[in-house]
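Below are two complexes that have subunit A in common, paired first with subunit B and then with subunit C.
After this line comes the complex of A and B, so read on.
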């Protein structure tokens, strides 16, 4: 079996991948529930929850697009989201929270970005590992400066300001439009060129280092906003505890970006799908399935997204 | 644009996906069937022959049920509840339970609402991070019952408003104190070691302080070193911490507050190599992991407490009279704080699950055993408490005055360390 690059990429394979993923999910849920509860599992949607997951995953997905479209590998969205959420907790109001989360997360990814640009350190490794540092830093803040002392024996942070779900949706859509617009602009062109190799950017007369750093910083900033959106739209408990600092939405964002074909509008569609999968996962758990099944569903979507990406670019020759 | 070929591909892929998905799920289910116990009982509440309606009870867990610690213990409690109040689904059965594991703390409210949509009459939420979401749901559904583990009522107004909401907890500090007495007499190096999941959590501070107080009561030269793990379940970290405590800090009795038997296993390994290092059980009976090194310890069984609360909720539910639920237990209504006192002295945990203290290793001298038994009786009868003054903190400041004790709130909020700590994180 060999893969041969297509002369013209075939977008139809994203449809194929999506349908395959959907079929996997439908079949898996029917097999798991024995068909009896299946309809309820698919349709029992809590709209508020669905929309806030959509908004958060969408922004995380866009953050991933910024990175992967430029051929750099930020896989530490989770860590940037933790820093963003932490900034949101520290902020007095929504506007400050959003600005601060973007700023703090940008600062957080600056280390991997600069290490990559100056010393050539692999950014996939550094972004991933800085996630663990982010968790410990967040715990320090929960235990000390941001601890809510009115909560008595609890070790819990103060609450983040509340953000209406529709506002979060607006922010997510705005971010998508922003990414589309940016990719139309000249800066966006160089960012995209980067994935064809640093030489290409160099021949275009630009510094590949600058654009590599820019791709990572933009990616980090959006992931931070995603983390802030997630914590601020919760219906109750907009705080961090020691044991639950991160939420896993960063990883869903990575799934959304691949399933969405690294295209901002594709990410919008894929995020809708993943938010629905998340609901399906909750419903599966509610009818007594192990929690891992819920994550496996989103994971299967990511696998199909990668299959779609490969088939989009390559032709499979069997002999 | 899409040609006919493309459409064929799409259809074919859909079928492939369906086959792959159902096939792998089927295989996974086959292999997991033995491991994953199916707990979903039929949702339609048929009448039993006794004519009593079934109350549907839903549990929200913070971790997976297989974690061998906190969530595992709660799930054992749930099964105990079902065994007690539903021994025969056709004849005598008044409850039906379900659970959801690994619930994110920020999504509590959504999960509780889903449970109620699914027909639950009562919801137990078993992590402190679930408190706000549970209270919010309790205010929204006054005809359902809610119980939250390890939280508190903000003030008396909240307590009055949320008549359908209860707090509950089982505390183990008294058992740690008894362990401490054994530890103080068994140590040869006068150095104790403690592996703590989070050394600043009031619950863990309470455990550590009680343990150290017990040890220093019988052996004032004892000091204790603490290593923090930073997570509830981290067997590798716990193993490393325990080994460090023994080899570097020269500790020979190890206690712990975390969710794995790793510390006891380390002690057992040292015992096998001829070096006497001792440890305990915590949260469940771990003696099988270290038959030689196991001194005593504490187990927690939420079952009897669940039965107690559910029986009250059930009676209020069928009668419509809230007081039978809302005004109990009399000393602190809707605020259950259970501990070693819930069992009388002659129980053993095998005969009565409310007993939380494990039997003492035969290697422990008889006079220590007598001392432990005596203190245990005094605690149960209410004439003694580990935190009886005068007690000073590490800086020498008097924290509990002469012949005074601590209130529940003072115990609950404990943020100071007694005298006698060596290394603290």
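After this line comes the complex of A and C, so read on.
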């Protein structure tokens, strides 16, 4: 088997990848539930929850697009989301929460971004490690400065301000439009050029270092907002516990970005699918399947997204 | 007394980090940035816990190698993005691993008694083996596949085969680390015990500038801080959660220092690190 570069990329393979992912999920769920509960698992959807998950996944997916579209590898969205959610918990109202979460998450990714730009330290590894650090820092905040002392016997943080789901949806759509507009503007052009190689940006007369840093910082900021949206739109339990500081939405966002072909509008579509997968995962839990099955389903969706990208660029020749 | 405990603990916990680091060095020298190493270590640790001694260790290695080889095939032959595929392999490793070892939670596993110094001496011997491996014909091919795969291909060496062989070496070392963590170090299983080791190894490989002999020292950085963070809990009134961040912060600082100090061309990252090699594609 070998891969031959296409003369023209074929977007249709993202559809193929999506259908393959869907087939994988259907097969896996049928196999796990024995078919009896399968229909209920697929169709039992809480619209309110579906929409709020969609909004958060969408923003996280756009965060991933900022990174991967520029050929830099932020894989610490989960950690940035934790920091964003932490900022939301600390904030008194929704507006402050959103601004603070973006600021804190930008600060959180600044170290990997600056190390990458100045010293060429691989950003994939540092963003991955900062996720572990974020988890411990969040636990510290849950246990000490942000602990809700009125809840005796439980170690939980104070509650984040409440955000209506439709407001979160508006923010997600606004973010998508913003990314589209940015990619049409000159700054966005250089951001996209970066994936063709740093030299290309350099010969276009711009500093590749500046745009690399910008791509990572934008990615981190959006991931932070995504984390804040997730925790603020919950119907109840808008707090963190020691065991549950991260929610896995970073992985959801990465999957949405690849299934969406690293295109902001594609991400909107893919986020619908990922949000549905989240519902399927919850339904699986109610029929007694472990929670990790949901993550495995989303993980398989991500791998299909990666396959879609390879088929979009290459022809597979068997010989 | 405290100092001695820290040193002995650091050597004991340094062994799996050194083993996995050596694996990561071989893989990264071949041009593959395998973040799925975390999953390989986790899965092999889970297998070792589930099977238990005496067969746990060899079975863990077999499973780990197969898992790592699956990653290498998808990442190289199928050119799937190395970094994100690694993330997926980590997630699947966590999921499957915690599932198969579920029955062992809270049960003691018969542990082999080892001494820090001797175990680490053995690991150093393996580091020397890897050092000399890079002098062999295959070792040079591995390095070439990370620095200039098109030329290696032109020389008539199949890059994909070389990378998969590197993947086997990496898999053996990483899953030996996973098996060690359960059967020699902890002697028990909990979901979170084998977490983080593989990721630390990936960064330690970079700290040691992709050189096996330097890895002997670099592997002790995270392990020293891990044992330090546990020991300090008894002496300092700092939140243990904050102390737990130190083993992750220290390697990042070490990596920064290493990049600042290592200017010579010998210590630069493999040029094709994390880039897929597709034959005949223009670069």
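Rule of thumb we're sticking to: the second predicted complex is superposed on the first by the 319 of 319 C-alpha atoms of A that agree within 3 Å, B and C clash if a C-alpha of one lies under 4 Å from a C-alpha of the other, contacts with A are read in each partner's own complex, and residues count from 1 in each chain.
FYI, a contact is a pair of C-beta atoms (placed from the backbone, for glycine too) under 8 Å apart; a residue touches a chain by one contact, two chains touch by 3 or more.
If you're wondering where the values come from, they're calculated on a predicted model, not measured in any experiment.
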Partner chain(s) touched by A:122 [first = subunit B, second = subunit C, both, neither]: second
First (subunit B), second (subunit C), both or neither touched by A:290: both
Partner chain(s) touched by A:15 [first = subunit B, second = subunit C, both, neither]: first
Subunit B versus subunit C as contact partner of A:2, first or second or both or neither: second
First (subunit B), second (subunit C), both or neither touched by A:75: second
Partner chain in contact with A:25 - subunit B first, subunit C second, else both or neither: first
Partner chain in contact with A:143 - subunit B first, subunit C second, else both or neither: both
Partner chain(s) touched by A:49 [first = subunit B, second = subunit C, both, neither]: first
Subunit B versus subunit C as contact partner of A:251, first or second or both or neither: second
Subunit A residues contacted in one complex by subunit B, in the other by subunit C: 136, 139, 143, 290, 292, 300
Interface residues, subunit B side, partner subunit A - complex: 2, 6, 9-10, 13-22, 24-26, 29, 32, 36, 38-40, 62, 64, 98-111, 113-115, 117-118, 127-133, 135-136, 151-152, 198, 200-203, 230-232, 409, 412-414
Subunit B contact footprint on subunit A (complex, rising order): 12, 15-17, 19-28, 30-32, 44, 46, 48-49, 136, 139, 143, 152-156, 230-231, 234-239, 241-244, 247-248, 282-283, 285-288, 290-292, 300, 304
Touching residues on subunit C, where the partner in the complex is subunit A: 33, 35, 74, 77-81, 83-85, 87-88, 91-92, 94-95, 98-99, 196, 199-200, 202-203, 206, 239, 241-242, 244-245, 248-249, 251-252, 255-256, 259-260, 269, 273-274, 278-282
Complex contacts: residues of subunit A adjacent to subunit C: 1-5, 73, 75, 111, 115, 119-122, 124-126, 128-130, 132-133, 136-137, 139-140, 143-144, 251, 254, 258, 290, 292-293, 295-296, 299-300, 302-303, 306-307, 309-310, 314
